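After the structure tokens below, expect a handful of questions from me.
Chain lettering (A, B, C and D) follows the sequence in which the chains are written, and residue indices restart at 1 in each chain.
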């Protein structure tokens, strides 16, 4: 029987992904720097002045956390892993591991009064969009190759594909918003993460 | 049967949390810097002079270690995971991953002869308090949603809730102590961690 | 029966290796630095100017990802682990954990108009070659000690050994190419990673 | 039955320890810095000049690798975990996670022509000694509390205790050697790691 070893393969894929998510979410803290004070300067206002760092940290933490929860939910439905799935999953992990970089750059330029703030916001949003595209690609591949549990009809498949593709549109739109306002982009991404968290909790609570 | 997959979900949640705890506890070392010596300066006294770094490292290591042990004990009693549990657990992990930042800031300002030492101590204590609140919230949620083993009567539930909420009060009090003395705060937090470790060992030894 | 505990041993070996791969692949991001801008300088061109950082990041991510997939495939065929296998695996992990260092050095010197670019490329290629040698050594050891599933004839064994040794030759050749052009070396390594990924997907799709 | 859940506890303890070992061994690379070159300076000799960094990296990698293998072997014999074992294991992990710090300091001062080289070597050796003491303490606790498989007679227990305590003596002696020569200390520690690796492989090959 191949079932046993296929399940094992999925579980090692999940373990590796969990590891990458856990490390990426924890590495975010390395971008937080204690403010460098001048003689006689007070710590508390200097810390408050660093708010973009904390806002960006919190937002990226929330996004990676929700991505992990979704990755978890998605893989619970996946029965078998093929090499295609492994490489699409690596593509997703590429954008996951990259996120601390645009997060730090976004925080650094959030209050710039120049186009740089918008560019940093757009790069951040582009990273999220690319992660969302990888998510959709995984699900599309999984459906096409029948790697999921078999009790899914055509309508359910389409519905789930639309649901997993939703992030692509949202985050793609954030790239545009970036050129309106960097701070609005950060707020929007954060609110989306919060909304998404609660929406998921509610949905599950209602159906299960 | 849903039991099988629910247990699987709890185990992946634990694995992810273990990863985050393991990384956060190991990243603490990145805040330790070899002293920069001037020509002819001796390493040993320079190293001793850095004692706040080591004291803060040791304290945060002890706290994260004990948190992990408690997380472990708590999740051994949890049978099923819902999305609410996953998000409350992420909230706990947010404070766990953040800890290296206030640890480093606390060490840096521990010997300041200004309010900055107190502020750094208070921020550190606030981080611990927020983690303790998340811990209580997880247990409260777990009891309310009956996600634990079913052989727990009302009195036991209340007792366990009080026990898990104890840290909130203790660490909350440390925020106040911070404004008396930063060094006393660090000592207190460390002694609490040591006491808690031994108290746990003794309790278990007595009952099991 | 020893089978149970031997399988357990292999699984902990895999879990440890997964951890190291996951961390090494995620630490790569720490080498990416937000460009330091002068007054009035624009972020976007400064970011584009940093392309060697991103190219090296992407290439090392792809290589570590494919190595992980191959490690995974290899260990699925390994039934038992002895101490020799554990130490050869540690040797492989040595080169895996080292990779962020030559990656960063390669990116830093990629555009140097001096021998330094070639040296950095050669060191990078040498790291990959040493990893490939460790890979072959693991497989050679595994075959010699009969640690694999027993349904493999002599021809299959030789064929698999050649297949796993292929990387040694390829990456070894890249050391030579380094002294022709550093940029060509990076391109070559990246293309090899991409080719290897697709070739693997196709092969599996055809046979399974 | 308590067996099931006790085994689960050991496995989560092992998973957490594996995570910490994997992260500590991978973080070592962050201490390696690409040499900063002056205008026209060549990379290769600058890299060779950094040999203490690489020697210290290799030595610490070998030690952590062997510690992990020994941890693995030890825990395969442990059937149940109590809170005492969890805290002694945390004590071991404290010294494991700390190691990158004295490693980096050792490398930095290895070629100093002053007492600083000896102090750095002694601190490094002390870290290893403390880890070895924690190892012995774990095994002593495990024997005293009968947490191992039951088919061990008194003589075997004493023999195993002596074997696990060997490292304490060896690394303790290295603290003394540190004040003779820092470079000799590094060589000795490295050779011990290599010897230990091969000795283990041979022993197992002979008995199993």
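To be clear about the criterion, a residue touches a chain if its C-beta (ideal position, glycine included) is under 8 Å from a C-beta of that chain, and two chains touch if they have at least 3 such contacts.
Note that the structure is predicted; figures quoted are calculated from it, not measured.
Using the mean of the Cα atoms as each chain's centre, the chain most removed from chain D is A.
At the interface between chain C and chain D, under half of the residue numbers appear on both sides, which makes the contact a different-residue one.
Each chain gets a centre from the mean of its Cα atoms; for chain A and chain B, those two points are 26 Å apart. Rounded to whole angstrom, the centroid-to-centroid distance between chain B and chain C, based on C-alpha atoms, equals 36 Å.
Multi-chain contact residues of chain D (touching two or more other chains): 15, 19, 23, 27, 30. Against chain C, the residues of chain A that register as touching in their complex are 5, 8-9, 12, 15-16, 19-20, 23-24, 27, 30, 82-84, 86-87, 90, 93-94, 97-98, 100-101, 104-105, 108-109, 114-116, 119-120, 123.
Here chain A touches chain B in the complex through residues 14-15, 18-19, 21-23, 25-30, 32, 34, 37, 40, 42-44, 47, 57-58, 61, 65, 68-69, 72, 76, 197, 200-201, 204-205, 208, going by the rule given at the top.
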